[in-house]
């Protein structure tokens, strides 16, 4: 089965590990009553980090899985599925 | 010191715990080569969850910390600090 | 040449007309010194309206133009071009 | 009545004029059947431009109107109204 490139998978896992640590950091900030502005900036940074993960997954997905389906003549189904995911991602 | 209401703090911690679990879930999805659309939908859901956390922090922050500063005559400083955080949050 | 469906084109034009009117409305609000919160809510509504236009264009584009390229064996080029646009749209 | 600074008002009007022209441009692109990727990039640019307008209005609003209310002892009401607008803006 075609899937995301191995180095892309590794990159995403590294990013998600960092994001997971950052989420734990925000919990600690709340517990230590860190000023809310710093918390809001961390939340913004987390959202940006996740946006980047989404773009990386999507970009490689188009180049691997969708491309593979297209080459196998299953492009229509792959594009319909992609459209549903994009609709959610863009909301 | 004035800070976020205790029940708001608890609510945010609960939400961040759920978000942390969801981030671990996305890592597992990558490792198990789950289809990318499901991953993208999870990333969108994570971003929405973090957006909700940001709105809750901001809302309670205005009602507690900023309001308290205003009442103490330190409103100008509090609003300037808030403006910087909002600028990041809205990007 | 394959392009967006005609009824989709009409729907988008109608939405853009409404958006254009709303932009003019915001200018008038500034000139009449309407309260800023109402202006911010209009700006948020405009952004949501444009997001909806983006999703409609993208959705129909996938079903028409990209699908057509795929069927002509030009899927790879179409997907690469799409990836670049999505990268911008998701930022 | 305190309101947005005059030069900020002018800057916002200039930006909204540019945005209005850009919206008309997108309509023309649809009518001329310009490729959808270019349209999506314009829509993304429009959304970014409106986001910038929102940030400018909000920033000056905090420094002028809200600050003025705070100085008049009407801070609580101003912050509650601001909270409602921010909730919409951050969605």
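Should a chain be cited, it is by its letter among A, B, C and D, assigned in written order, with residues numbered from 1 in that chain.
Keep this in mind: contacts are C-beta pairs under 8 Å (C-beta built on N, C-alpha and C of every residue); 3 or more make two chains touch, one makes a residue touch a chain.
None of these values were measured; they are calculated from a predicted model.
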Minimum number of chain-to-chain contact steps, subunit A to subunit D = 2
Give the chain pair, either B-D or A-B, that is connected by more C-beta contacts.
-> A-B
For subunit B and subunit D, let me know how many angstrom lie between their CA-based centres, rounded off.
-> 23
Just give me the whole-number Å value for how far the CA centre of subunit A lies from that of subunit B.
-> 18
Where subunit B touches two or more other chains, by residue = 51, 54, 58, 82, 86, 89, 91
Pairwise touch network: line, ring, star, complete, or other = ring
In the complex of these two chains, what residues of subunit C are touching subunit A?
-> 51, 54-55, 58-59, 62-63, 66-67, 70-71, 75-76, 79-80, 82-83, 86-87, 89-91
Quick one: in the complex, what on subunit A touches subunit B?
-> 1, 3-4, 9, 12-13, 16-17, 19-20, 23-24, 26-27, 30-31, 33, 35-41, 43-48, 50-51, 53-54, 57-58, 61, 65, 81-82, 84-86, 88-89, 91
